[in-house]
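Below you'll find the structures, each written out as structure tokens.
The same chain A turns up in both complexes below, where it pairs with chain B and then with chain C.
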Partner chain A sequence: MQSNAAMEYDYSIVKLYMWTTVIFGIVGMLIGVIIASQLAWPQLNYMMGEYGTFSRLRPIHTNVVVYGFMISGIFVGFYYSAQRVLKVSMGESKFLMTLGYLQFFLYLIAASGMVISEAMGITTSKEYAQMEWPLDILIVVIWVIWGVIMFGLIGMRREKALYISMWYYVATFLGVAMLYLFNNMEVPTQLLSGGLGAWYHSVSMYAGTNDAMVQWWWGHNAVAFVFTVPIIALIYYFLPKESGQAVYSYKLSLLSFWGLMFIYLWAGGHHLLWSTVPDWVQTMASVFSVILILPSWGSAINMLLTMKGEWNQLTENPLIKFMVLASTFYMLSTLEGPIQAVKSVNAIAHFTDWIPGHVHDGTLGWVSFMVFATLMHSAPRVFKREIYSKSLLEAQFWIQTVGVVLYFTSMWIAGITQGMMWRAVDEYGNLMYSFIDTVNALHPYWAIRAVGGTLYFIGLLMFAYNFFMTATAGRKLETEPQFRSPMA
Partner chain B sequence: MFHWLEKNPFFFAVGVFLTIAFAGAVTILPNFSKSAQPIKGLKPYTVLQLAGRGVYIKDNCLSCHSQMIRPFKAETDRYGQYSLSGEYAYDRPFLWGSRRIGPDLHRVGNYRTPDWHANHMWNPKSVVPGSIMPAYKHQFTNIADTETAYAEAVTVKRAFGVPYGDDIQPGKAAYEKELKAKVLPDALKIATQMKNKDLIAKVKAGKIPEVVALVAYLERLK
Partner chain C sequence: MDQLSIYGYVIGSGIMVVVFYSYIVYLYRSEKRGHKDYEKYGKIALDDEIDSKPVEKGLEPVKKNKE
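Entry: the complex of A and B
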């Protein structure tokens, strides 16, 4: 059944995830601002006793922004766009709708469990995989439900060929499933000890160097399959939709997709350069990290060229601004990553602030900008209301852009400064600086970073207000806008 | 072929899976058993050290401290012998960390003493002027979870063959016995070296404060 009449889609699940995106965004980034400030002004560590130290808060920050804010944003994008590119409504299947609600409900439980357990110090300690086994099992269930919904919708589809965004959603599902399962292989300690100790505690199935290999195979590819692959899915749908332009090149999308799938997984070892993992693995990781520029830039260039002949939209439409700058930050970030993966550069960069600096130009500049654009493009279609304020959106864009720039430039300088100080020697070949010298040298950069983060957070609050007002008080729309989102 | 895959989601998914699974299999599997080998003479962690490792994980020390000395002169001058794979054979999970906001700790046991740690954890600035590390005073009052640490020792012995002696057995009775015979005496030794009367009194009363277990673990890092 192919008809040109506009279909009605069911957005009840989309709306739920929209609100969690906003709420987790505020919580996660607020903690981010706090921990950034703690480095510059350490007395801020004492606000909440043992629960308020930098060390306890840092994993809560990373987990809430990744698994709260980003995953919610990705689910918004998925539940909104998958229905449309497959030409099937969630509402057509009671079963899938029920699963959708169930998934959201379990997701709330898992997310709150994650925050509470990490605040209490219940953690496996592995980065981006801190959750203990009971939460791991819950997450597997949530993920499987998502897979059933995805393939359920695909099974019911009216559009025979899968659109590019769907390729990336399928890859996200499979990639995270594989990596998460292998990295979280653990033995609950009550099982073999005759019920001794804490019930939630477990030990990793892998030890030492092997554990590190598996962890960064996961850690790096959590970046791949949460910060990159689904975000590319979003931009392939939302940029053409908002701009009314066709994707520049189908062949380039093909090349970038399969290239990314093959190359990304090799690069995990670049987190372990100069460590005790086998040297050949390190070299392979370095080489593949450099090759990774090709598919990454392929997608980004494909998106930028999609705007060909329509660059005037960049000045007129803040949503286009967000998405074009997102692609640009994606290019910056995917050039910076390979540079850091070169062994001689890594010798200086590793263990320094340049690494979190790199993470944040990707996550703030690319991922979050795409999440904002996704929510704002969907809002008028979901709530059937005009976007509340264009000028607020414009102001948010500029404040956050300045915030990101302050963030990563200060962290670059901080990282390279500290890396050089660690290795500096005097004329007799003795180390020139004690460790604490290299920490105290960073104070000004940490202060600038905290300011940058605060600006970004202010932008987020503006977004939250704008979004809330759009959903509740925006001018009513009679018909669904085709391309450019209407805004007052 | 790609056009065909786009219309056949099942085979598309299979194709994607094979493409992404390839690299992991090729890079992780070949050295897996070799990388699991301990260096000669490596002893498993004692129950008290495991409890301290638990504290290290609970307060997430790895947010700021690495345990990986890279093979550069600047690092070996600062921290000692570069790290070897076999030294980590009993580390579940590994605790290499990814950022050095504070110094590396892989051989901290070589150049710090228990009473230095006692002062440092209570008030870092008292021994390192300008330090930005927060004080961890709650570790002086919280009691370490030695039962879970013991459960961990039993688990790795039974599941992975970590060479513990016959005294590490499942069950509450075996745990109580180990606690009296080894864990508490170990803790008393550390508390005494920490020169803190309050900590000594607590250990003598059968309770091991978190910081005592933590220092036992840090002393082991050599």
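Entry: the complex of A and C
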């Protein structure tokens, strides 16, 4: 380790992931807008042959936004903030820098392979785990490299105490590693069947209900360890740093951390309520989902109270707006999720549009807003330039907020209408509505969702332009801002 | 079997409550007795220059006592 005299943090890897965040964001959300429109106007399915159908595009949308946009954004946050809270530069170790570049290029290969293979219809058919075994192996290598870098930085640190964000990064690494390995235990068919099928094809090692339980143990914990835990790591660093206010209660952050870690892992079974899994698994998942409100709100309230006495910043600084609304959406979706996991509510909500509504108020309102704030807070420090346009950032905030509200409110109404119509029976016990009746009733809400998604996507394009201009044409800064990010 | 799972839930919930409340008590008590100051760690995010003074310094190499 070199002397820290005249040392600077090294943001080379941060910059690379910043660009993939923006590019994957545009690709993933554009596909999202297309498939939302296809649900409202089905003729849009027939524009590009098999490559343009809903069934082919939907997994690309989820995988690109989760593993392209979000994971890139999380890596931006990690490579930026981990150096700073550990007070060690990546540049102090050639080994870690080499690993950082290697991880990024392997990530590019994996992400491109993911998009191409899914566009070709090559998929394991498991939600959020569609990638076939060769890509899964590559993902494991990428993840292990990340772990080596993380623990390498921890080993070199000058700050002995690990800041709470680091706890969450470590938990993200360990949680995803464990769950990904178990859920992707798959048998390559050609290798083990004496030449049957394509070389890349595989089947799950588990069968039937067991497969479903492992799948949703992973599926829900992808929500936990990709949509939640690393995003809490981001907000615990970026909100205090941008506002200049220390986290409201460090003790509460520790308590919420352990609560979240212990409770989240048991809640995955709520995706299988009213299915063939044992009753006790369903009840346990339901109970743990409701208890999950406590640590989730513990973190969210801690974030909001961090702004205590400084609420004026909410009107003055658009980055604070993004982060405060992100915590608010975190509270909303972590209350909504447990409500949906109550068995009687789930009897109406299951398989309806309320579920994607819930997912999107979390991902658009909480995760993406935090990713935008992370990139925009880091940009002036990374590029040593002022944020290009405050008014563009403000406009993006309001357009996207309206977009999210249209999205989830339309899906709430559509979902509950759908659930009630599916269950409605006449006095003889016959179903009152056919499936197409529900489609006709829901059409206006699907159109509203497509409009909401389009607004959000317009906001994203504004962000991409603002970010590009910040990196290339923002006014140069002489000194690094301590707290509030400068913007023109 | 049903009875067992009911007892399991009650006992499990009880253990969880005890564990989490004990952790809260532990956090507050160790701060009150002066063993730990948890809130100082919140400053790590604010004062995060590479040459800032660490809130807790990394371990120094152990010096042998020559006497």
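By definition in this document, the second predicted complex is superposed on the first by the 481 of 488 C-alpha atoms of A that agree within 3 Å, B and C clash if a C-alpha of one lies under 4 Å from a C-alpha of the other, contacts with A are read in each partner's own complex, and residues count from 1 in each chain.
Here, contacts are C-beta pairs under 8 Å (C-beta built on N, C-alpha and C of every residue); 3 or more make two chains touch, one makes a residue touch a chain.
Bear in mind that the values here come from a model prediction, so they are computed numbers and not experimental data.
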Overlay on chain A: chain C relative to chain B, clash or fit: fit
First, second, both or neither for A:Ala110, with chain B first and chain C second: neither
Partner chain(s) touched by A:Gly121 [first = chain B, second = chain C, both, neither]: first
Residue contacts on chain A - larger count, chain B or chain C: B
First (chain B), second (chain C), both or neither touched by A:Met213: first
Chain A-centred angle between chain C and chain B, computed on Cα centres after superposition, in steps of 10 °: 120
Chain B versus chain C as contact partner of A:Leu375, first or second or both or neither: neither
Which of chain B and chain C A:Val85 touches, first, second, both or neither: second
Partner chain(s) touched by A:Leu254 [first = chain B, second = chain C, both, neither]: both
Partner chain(s) touched by A:Phe435 [first = chain B, second = chain C, both, neither]: first
First (chain B), second (chain C), both or neither touched by A:Tyr236: second
First (chain B), second (chain C), both or neither touched by A:Arg158: second
Chain B versus chain C - smallest C-alpha distance in the overlay, whole Å: 7
Common interface residues of chain A - those touching chain B in one complex and chain C in the other: 160-161, 254, 258, 262, 284
Residues of chain C that touch chain A when the two form their complex: 5, 9, 16, 20, 23-24, 27-28, 31, 38-39, 41-46, 48-52, 54-59
Chain A-facing residues of chain B, complex: 2-3, 6-7, 9, 12-13, 16-17, 19-24, 27-28, 30-32, 35-36, 57-64, 66, 68, 70-72, 74-75, 77-78, 83-85, 87-103, 128-136, 138, 142, 145, 147-152, 154-156, 158-160, 170-172, 175
Complex interface listing, chain A residues touching chain B: 38-39, 42, 45-46, 49-50, 53-56, 58-59, 121-127, 151, 154, 160-162, 167, 170-171, 174-175, 178, 182, 187, 189-194, 196-198, 201, 203-204, 206-215, 217, 254, 258, 261-262, 264-266, 268-269, 271-272, 274-278, 281, 284-285, 288, 347, 350-353, 355-356, 422-425, 430-431, 435-436, 439-440
Complex interface listing, chain A residues touching chain C: 4-5, 7-9, 81, 83-85, 87-89, 157-161, 163-165, 236-237, 240-241, 244, 246-247, 249-251, 254-255, 258-259, 262, 280, 283-284, 287, 291, 483
